[in-house]
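As written, the chain order gives the labels A, B, C and D, with residue 1 at the start of each chain.
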Amino acid sequence: MSSSIKKIGVFTSGGDSPGMNAAIRAVVRTCAYMEIDCLGIYRGYEGMIDGDFIPLNARSVNNIINKGGTFLKSARCPEFRTPEGRQKAFDQLQSAGVDALVVIGGDGSLSGAEIFHAEHNIPYIGIPGTIDNDIFGTRYTLGFDTALNTVVEAIDKIRDTASSHHRLFFVEVMGRDVGHIALNAGVGAGAEEILIPEEDLGLDRLLDSLKRSKARGKSSSIVVVAEGDRTTGKNVYELKEYVEQHLPVYDVRVCVLGHMQRGGAPTCFDRVLASRMGVKAVEALLEGKTGFMAGIRDNDIILTPVSEAIKGHTKIDKELIRVSDIMTI
Amino acid sequence: MSSSIKKIGVFTSGGDSPGMNAAIRAVVRTCAYMEIDCLGIYRGYEGMIDGDFIPLNARSVNNIINKGGTFLKSARCPEFRTPEGRQKAFDQLQSAGVDALVVIGGDGSLSGAEIFHAEHNIPYIGIPGTIDNDIFGTRYTLGFDTALNTVVEAIDKIRDTASSHHRLFFVEVMGRDVGHIALNAGVGAGAEEILIPEEDLGLDRLLDSLKRSKARGKSSSIVVVAEGDRTTGKNVYELKEYVEQHLPVYDVRVCVLGHMQRGGAPTCFDRVLASRMGVKAVEALLEGKTGFMAGIRDNDIILTPVSEAIKGHTKIDKELIRVSDIMTI
Amino acid sequence: MSSSIKKIGVFTSGGDSPGMNAAIRAVVRTCAYMEIDCLGIYRGYEGMIDGDFIPLNARSVNNIINKGGTFLKSARCPEFRTPEGRQKAFDQLQSAGVDALVVIGGDGSLSGAEIFHAEHNIPYIGIPGTIDNDIFGTRYTLGFDTALNTVVEAIDKIRDTASSHHRLFFVEVMGRDVGHIALNAGVGAGAEEILIPEEDLGLDRLLDSLKRSKARGKSSSIVVVAEGDRTTGKNVYELKEYVEQHLPVYDVRVCVLGHMQRGGAPTCFDRVLASRMGVKAVEALLEGKTGFMAGIRDNDIILTPVSEAIKGHTKIDKELIRVSDIMTI
Amino acid sequence: MSSSIKKIGVFTSGGDSPGMNAAIRAVVRTCAYMEIDCLGIYRGYEGMIDGDFIPLNARSVNNIINKGGTFLKSARCPEFRTPEGRQKAFDQLQSAGVDALVVIGGDGSLSGAEIFHAEHNIPYIGIPGTIDNDIFGTRYTLGFDTALNTVVEAIDKIRDTASSHHRLFFVEVMGRDVGHIALNAGVGAGAEEILIPEEDLGLDRLLDSLKRSKARGKSSSIVVVAEGDRTTGKNVYELKEYVEQHLPVYDVRVCVLGHMQRGGAPTCFDRVLASRMGVKAVEALLEGKTGFMAGIRDNDIILTPVSEAIKGHTKIDKELIRVSDIMTI
């Protein structure tokens, strides 16, 4: 491949997600395979501004495919939101001889790269790394599958104690604006109800549903709540109080799963996805492309313009909401 | 829905796979939701011939979504291969008032249902339950995703000891005719080589690759081998001996993962897939369909005629073979 | 063995813990082995008062050794605290022909049995089932080892994201009065600080320690806090605010692990312990003993009078506190 | 502490086991705490002879407490069995200024250290790192608890498929000379029979037991076999053939768990044990002790002369054999 690109910089940015290390490894090894240089940038845009770089070769990324987090670290960087910050970052990349970038992160990180490219004309390809699955242009974001399994395993454990005591649990899972984790993990964990921002269940229907569940002889109940859900007008702690007042038959508990959802060894799916996206990102750069995000559609790795990807969310799956309703009969 | 179907029989057949219980649960609960009866058939076609049935309601399938195996048991049944056996089975279903069937199993099980339907005109829908992912008409068979994670977690453990001792491991995984598990889990586990029936690597190229790997300073090597692979003309034990003779620099070990690959709590993916396929199967029957298999394509649950599904295998993914080659630089 | 005991009742009471099912199984099978009857009592003392019983034989407890929770359910029962409630319970046992009891639970449950025995002279043996490890007379309570692993695995995941972002996490674990889970899991997870009720660290020393940790270049910090700890005068949320004010260099997060700590498949240790304690409990009853609790000391299953066991807690291990201090250098 | 020891060398030797990294970390950090130097020796005695050393400080061992294997690598070293080899090793240590050693490994590794000390008078303390639990002087060797859980989790998976198909599985686990893994994991996994070198069951009794098991309606059977067991005169593959001939009612399968038993993240127990033993080893050296092995007895970390530790094995637990017999009724 006769490309003018001789050195690619790779970094992770924003919230971390399982599979980021696997994606870095794939970028690094594809560079090695294509016989171009690869430079790791620590702490995302912050490290770019500081020139906190490390040369990476195929052996630098041994034994990281199965590690959660990101060994290049991540950070949020207010300074990069200013033209001055971005100029500093560009100067650092110039000094280091970086011709192109692979950015691994969520929609904020991709937007940053898009602006950076508009100003400084440095080619880049994005890899959607976030557990939230909220990026348009890919069926799965990197880390989503792992997070689902982490949540489902935690709820399996909670179910043990819930069904030993005839209890009702509100389990809050991540998802500030979207309910993908809640809906999928809720169905996977056999939750009795699932509260997501996209679907207005309402407090009354929740109470009705819990009453019916009890009447049908269910020994315990799990309600999965997306952290961003406000369709009931209440957070999980308020929901607990409300249900205890209005349905005193239940002994109610709350569990907020929190940041453990971001960690852990990635699943096979996320490792393979990361590897394929990493290869695609480097290949696209070498083909002269820029401003695209790698994504998966059916079983194909595809490219979507970042400008489109950051505009919209993947829609919640109406059919899966229906499956959930049927399963909780 | 005005359908003539009043009672659906559900059973699992052939080798078991994680997610079968979740699929049974989905079939049972969809029947309850649609207000029709559901009858569980134990031990597949064998139990059908014996009339080994159990009525199932929504509560019968509490707390099984996360259990491996199949609580309806499974069996291979030579008698069902004879017209007399199938007649007995049909008579039993008639006595029990079963109008339609949902069969959960691999291609052998689906073929059986197809013949049964041709002879006795009983409607059926199939759900592809097998870890091998070798059925045409679905991107993922039920249990494949769980098996991949089981394999990858086992190889992660083997990697610990391999890299502590500079060892080479041949790890045999399931896949009698196809290399899907080997290829995906091999990429996910960061295997140095992957031997699958679909891709003739040859012994010489394997040796060359191992030599280069050693030369590049890799501290250990994992070669994943599909059990059905004969492209080297050798099984894993013979490969060990051959490499020890021709590459004495390596301390070689063999690990055959075996039947643990069929068990374990299903992943979130397999639980959701099972739930969606179960709903689809019952709905299809109530819509008057027969002879189809539920499958997933991108994110849609689709129906494929069983006659087509059992004809061919899902092809191995050439792009993933390429990704694997690049990753092992 | 010539004992007058012909039928043993077994039940679980109070908070559930992993290994309770394995203990029930062991009691049931030992009864079968000794050729005496075994009656399961649902929902602890509540089910005893209600006569909610089920005969159990060796096959009733197939495939439960690896299940969390308790299939006999558990409950707290205010009525049993009254002489009238206990009279009802005794009458139910008499009607059912129960000669002796095995109670599996924490110190409250054992105290109940002790009073019951004093009033009605029914022989009983206790098995210490609680994740808190707070019962005198046994090195390990049933479920403690499993809970430690659940906590350590969760913190391993949190560490991934903590070290990707240079964050400080306060992780609250169970232990209302005692710090056994916090101390052991804290050492196991490599926590930077551990706050337990038994050891007054104080806020100032915590701040100092975090400052030093930062100065030594630690990229992230985990502070494990027993839920019952008030040595700092603050709960985890107040600690977060306090540290953010006084050590603004840290980006602080809170994670309350909650009830998932009570569930999950028991570890091998807890399964073996449950099996041994179950055998011991039945054997002790058949030898005419009563009012003892089975416990483990070194590798021996021993008996301690319940009157002693419920008086005191196992002391926190000073040497392990020292190990923790050394490890966090 | 006024000791003449200024620099301690630490290494792992022989087969690796989970917890070795945690033990190295504990040795390194205790040295840092005591303000003495610590030198890592790669590849055990082999690296000692080669002078393959690395200085280690408190930060060198960040984030390894939860990693399987040993980052210092391990090896078996024939040259160290010769006086010349040991002389070379001693010279290397002298040049590097190493005053004392901590050796982490099995009985072969401890024997090597004992001879080395006799010849060259270099103080050492041993830490028993092996999954086999076959060293006298400690209730638990490092890695044993983790290996038990790995085995039990694998058999749980095998049980899923065994009970779906009414199958009999022979599962071979590690233990060349001793049956500790087989006995404990067998009880933990609810195995129907357990074959260990220490207890001569004999083929006839095995057949009888399997017949009775079938007669009692067990739907599946797991027989756990220690790899070193020859009490039946047959290995697992021969056992399979024998049972298929003499008990054709069974569909028999074999599973050899192999090297995955040596890997994986250590359990909380092994991490805490490693931390305590590491502290003890350094403290003992600084107190002028040599030739001891750290061990655990009840909850105390104790020292046993290596000369005694390597003489005998921990005896198999007769009471646990009896528990196993009762459980398989």
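Observations on the structure shown:
The definition used in the following text is that a residue touches a chain if its C-beta (ideal position, glycine included) is under 8 Å from a C-beta of that chain, and two chains touch if they have at least 3 such contacts.
None of these values were measured; they are calculated from a predicted model.
When each chain is reduced to the average of its Cα atoms, B sits farthest from chain C.
If you average the Cα atoms of chain B and of chain C, the two centres end up 39 Å apart. Here the CA centre of chain C is 28 Å from the CA centre of chain D. Averaging C-alpha coordinates per chain places the centre of chain A 35 Å away from that of chain C.
Touching two or more other chains at once are residues 156, 159, 163, 219 of chain A. If you sketch which chains touch which, the chains form one closed loop in which each chain touches exactly two neighbours. Residues of chain B touching chain D in their complex: 12, 15-16, 18, 20, 67-70, 73-75, 150, 154, 156-166, 169, 219, 253-256, 258-264.
Looking at the complex, you find that chain A touches chain B at residues 25-26, 29-30, 32-33, 58-59, 62-63, 65-66, 139, 145, 148-149, 151-153, 156, 159, 163, 184-185, 187-190, 216-219, 265, 267-269, 271-272, 275-276, 279, 297-299, 301, 317, 319-320, 322-323, 326-327, 329.
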